[in-house]
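The structure is given below, and queries will be raised subsequently.
Think of it as A, B, C and D in the order they're written, each chain with its own count starting at 1.
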Amino acid sequence: MTDTLARPPAFETQAAVLANDRVNGEYAHLVVACGQAAAAQPGQFYQLACPAPPGEAPFLRRPMSLYRADPAAGRVEFLYKVTGAGTRGLATLRPGEQLGLLGPLGTGFRLDPAARHIIAIGRGAGLATLGPLAEAARAAGIAITAILSARRPELVVSQARFAEQGARVITVTDSQANSGPSHVERLLRGLLAERRCDGFYTCGSARLLRVQQTLAREFSIPGQVALEQQMACGLGMCFCCVRDFNVGGTIIHKRVCWDGPVFDMLEALP
Amino acid sequence: MTDTLARPPAFETQAAVLANDRVNGEYAHLVVACGQAAAAQPGQFYQLACPAPPGEAPFLRRPMSLYRADPAAGRVEFLYKVTGAGTRGLATLRPGEQLGLLGPLGTGFRLDPAARHIIAIGRGAGLATLGPLAEAARAAGIAITAILSARRPELVVSQARFAEQGARVITVTDSQANSGPSHVERLLRGLLAERRCDGFYTCGSARLLRVQQTLAREFSIPGQVALEQQMACGLGMCFCCVRDFNVGGTIIHKRVCWDGPVFDMLEALP
Amino acid sequence: MTDLSVRIGGLTLPNPVMPASGTFAEGLAQAIDLNRLGALVTKTITRELRAGNPLPRVAEVAGGMLNAIGIPSKGVAYFRDVTLPLYRGWSPPLVVSISAPTAEGFAELAAEISLPGVAAIEANISCPNIEEDGRAFAMKPASTAIVVRQLRAATALPLWVKLTPNTGEIAEVAKAAEAEGADALVCANTILAMAIDPHSFKPRLGNLLGGLSGPAIKPIVLRQLYQCARAVRLPIIGCGGIMTALDAVEYLLAGAVAVQIGTATFLDSAAMPNIIDGLDRFCDARGLASVSELTGAIRHEETDEEDLSWLSPPT
Amino acid sequence: MTDLSVRIGGLTLPNPVMPASGTFAEGLAQAIDLNRLGALVTKTITRELRAGNPLPRVAEVAGGMLNAIGIPSKGVAYFRDVTLPLYRGWSPPLVVSISAPTAEGFAELAAEISLPGVAAIEANISCPNIEEDGRAFAMKPASTAIVVRQLRAATALPLWVKLTPNTGEIAEVAKAAEAEGADALVCANTILAMAIDPHSFKPRLGNLLGGLSGPAIKPIVLRQLYQCARAVRLPIIGCGGIMTALDAVEYLLAGAVAVQIGTATFLDSAAMPNIIDGLDRFCDARGLASVSELTGAIRHEETDEEDLSWLSPPT
């Protein structure tokens, strides 16, 4: 109850598309003006009413993480991978067109003010979700190491952004054969040895999550993971987005849209 | 049987939009390249797969009369009134885009080679259907008087076209208060007195049809009328487009798409 | 200013628009003012704790969605101690949807949740009746009669009975519910459906079968509501594919007194308030003093039953 | 090169794609080569001359269309003297759809049209049975059994029975048809539906009620076909909302041996040849030697019937 009533409002609005450009062969970057709906925290997401691309008709809205928010300017950015009907529809948007959206939704990342150094590890579209941690950590005076994983170097996103905020950035890719879990584990053990980790923040890879869970347990370091699941309502009403979590030894269902999308890393079942 | 097998083929094709411009507040003019499908006769029609305008989804195809055909160039033109979801969708088409169409369909106007002078009377969107008679009559060496009716002068279409082909053009409009059946009847009786009528060709007004039927009976003049009816298949298969006809005293159903859209004027029940 | 209030059995609602069970929870308060709604309707609850169905639980299809959520339920105690107090924070009447595998189970649950703060009970009898080989109660008039009779005996609260569109005899089922004392009908639940991924050859729902909702079902459920409205005098709440105020008007014209909105809220969290505003404007523009004037106002020149070919093949 | 031929009872079709009754006539030859089709299926014919329903006869709805054409019929003599000779001009087997208001009427008509050139009879038993108060034969197993028994006795031709999706017990109806000697089932006809114009308050079909067809019904009819395929051994022809080759694959995976295409042809006259080509490519790409390998090939890890909650509420 307190939970519900304590949440800041989510806004149902018609956003105006300001820009929508291809970033690389797979990703596009969308900027919209959406007024009050721009007041979002890192890790929160929006439900986007994707327009119909020719010959297809996405029915449900599509969840998309906040990639960057400028609440003062009423502006929000998304970084999305074009995969199916919905994201193909998103890709047809031109500046000046409208996009129905609902947000910000869900519970985002929490930064422990006592932390001195955190590690953000993401892969693929998960890099978009981690992006806002760059500014948030800096604003909180927390140092950050970003380990960015992708299939190929040109698909690594958010690299410059983390670097600009003074983060140490390590990219690992399949094509360079340094993105496997064992290599990443070595990297992490190195950082842990340097005491550069008071918390893990991750998104986008079950394998990397497992590595971090092992280390989090071994070194008693807290962690948070942003998870994905197919959604319909985005407001905790329909129970289609549940995942299994291990809470104190019992497996329970939690709703990604409402109880997350950011969860305690140790509870998540990859 | 002979009927079926004797019909020239109809082509199912993706036409390329060459132009699509507003003609006035209500009508737009669409030009498409559609190859072999352009070999159409006056009075025939096409089934157009109208794209979805924002927020609407026309399901069935929309029948649209041939407005002008250039078989040699593989080009066809339509003149359409924007009324509902389908025509609103048509109006969104931009040059270079595709439009699915099937045609030419139905049986068109027949010109009696023995005729010397015919009268084409149309109203509203019916003027589009009559348009191709301008060139056809001239090519057959038949003189033509066109009586074009509309609500307001600026909504009269095809006027210049008939004039260019040497037709005598009379426009009547509601705003000029000269479009009523009695005024048109006076006009027609005048033309009949001058022996300027070996046949009536009409489309778009039940009231004007009735006037012509009376005169056609009185003066034993043949006539043809192009009729409209909601369609699904356009190929005589579904029987949704039937209308009542009086054939030798019996009321029977005929399919507008297959048995028409051009019918013997005296059989039509306005 | 149209009078938007409607009477449903003993209950008066401020307006005829409410959520459909399973498509609403308190989370919607994050996006809209719940006090604007005609009523609040809970997700179906059961006595047992239930986990719900395997994933994926939803799939998109043409003009709608399939869902096989199952009924994840935290049981009666949770409802009484957590859900009910929570909803006291809002003004619209609270309607509690319940389900059970036997008529006795239904009755016991109805009795248990007949608590202050509960304005009406909605019996979701589209659930499998273990005494009838798993066939849903609402598939047959006889099984409907049995469960409604027991429910009626178990609670003094207004009793709404939610029908299934999967039966071939919905009007007879409606009559059975009326005869056994239901106060209102909800027409209807989702239509049983499935989808297969042609690439993986696998069903697109973890549960294989699921319920179709959204615009695709509107013409079907509208027909069923019309058939029910001609068969009974009970107030009927229309539910199925309503996305806009005009869709709601269609249901009212066919004979509904109120409407429930499900899938539409997933596509636009403000769907319900928008429909309420739209109904208001619709009535205003037509000079209707009350929205209830729309109920059953379809204009159909009655012809011979035979010409009308009531149950006849449309094709 | 996939083998696209399929066997349906005693009949072998060159490919599994044919028109749905009432959505096909010789006019299609103007646009496509009819010799490419798996079979030709006539509009339902009756013994009596019939005019059909009042206008409007079709209406658009989300993801589909309503139709209430009725069965305008020119009678048996016209069929024998005009229609049948006409179709001799094409090579695919001719399937004749018939309907009658009584079981005897069905049998007489079946006998009368068991003529050379007719490859199979499709009994459209979704039509009102005047002996059952106008309820369609295909609504109940008992009335289905009676009409199929009489039909079976009346003709030696392959007998296809077309089911109605409006019943709540389609698998039982399918079993009844099988028990009485049907050679194949067609699943299914249109779903009874309606629509109202909220501006004029009038029904959008002259007949008030009509049949819903097109993509909107695909998930529902697919489920019904799957239920029938689990209940009987007869070959089943899937029909409902198939627009593309992938839609056809979905039906085959669920258990169909062939498919009928209705509404899709209205939106694209080449829909059937496109689906045939698409099936060929689909099988080719997966190295399937025969399209019939797709029949019933849905991959579903069987769980307990209970978990699967067969007849249980999806929601």
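Basically, a residue touches a chain if its C-beta (ideal position, glycine included) is under 8 Å from a C-beta of that chain, and two chains touch if they have at least 3 such contacts.
Keep in mind it's a predicted model, so treat the numbers as computed, not measured.
Looking at the partners of subunit A and subunit C together, they share no chain. Chain centres computed from CA atoms place B at the largest separation from subunit C. Averaged C-alpha coordinates put the centre of subunit C at 31 Å from the centre of subunit D. Averaged Cα coordinates give subunit A a centre that lies 49 Å from the centre of subunit D. With centres taken as mean Cα positions, subunit B sits 58 Å from subunit A. In subunit B, 57 are the positions where the chain touches two or more neighbouring chains simultaneously.
Across the assembly, subunit C contributes residues 22, 61-64, 67, 69, 214 that each touch 2 or more other chains.
Across the interface of their complex, subunit A is touched by residues 22-32, 43, 51-52, 55-58, 60-65, 67, 69, 72, 82, 85-86, 89, 214, 265-270 of subunit C. Listed in rising order, the residues of subunit D touching subunit C in the complex are 22, 44, 53, 61-64, 66-71, 99, 124, 126-128, 133-136, 139, 164, 166-169, 189-196, 198, 200-203, 207-212, 214-220, 222-223, 226, 241, 246, 249-250, 253-254, 282, 297-300, 308-315. On the subunit B side of its complex with subunit D, the touching residues are 1, 4-5, 7, 9-12, 49, 57-61, 100, 102, 105, 229-230, 232-240, 242, 253, 258.
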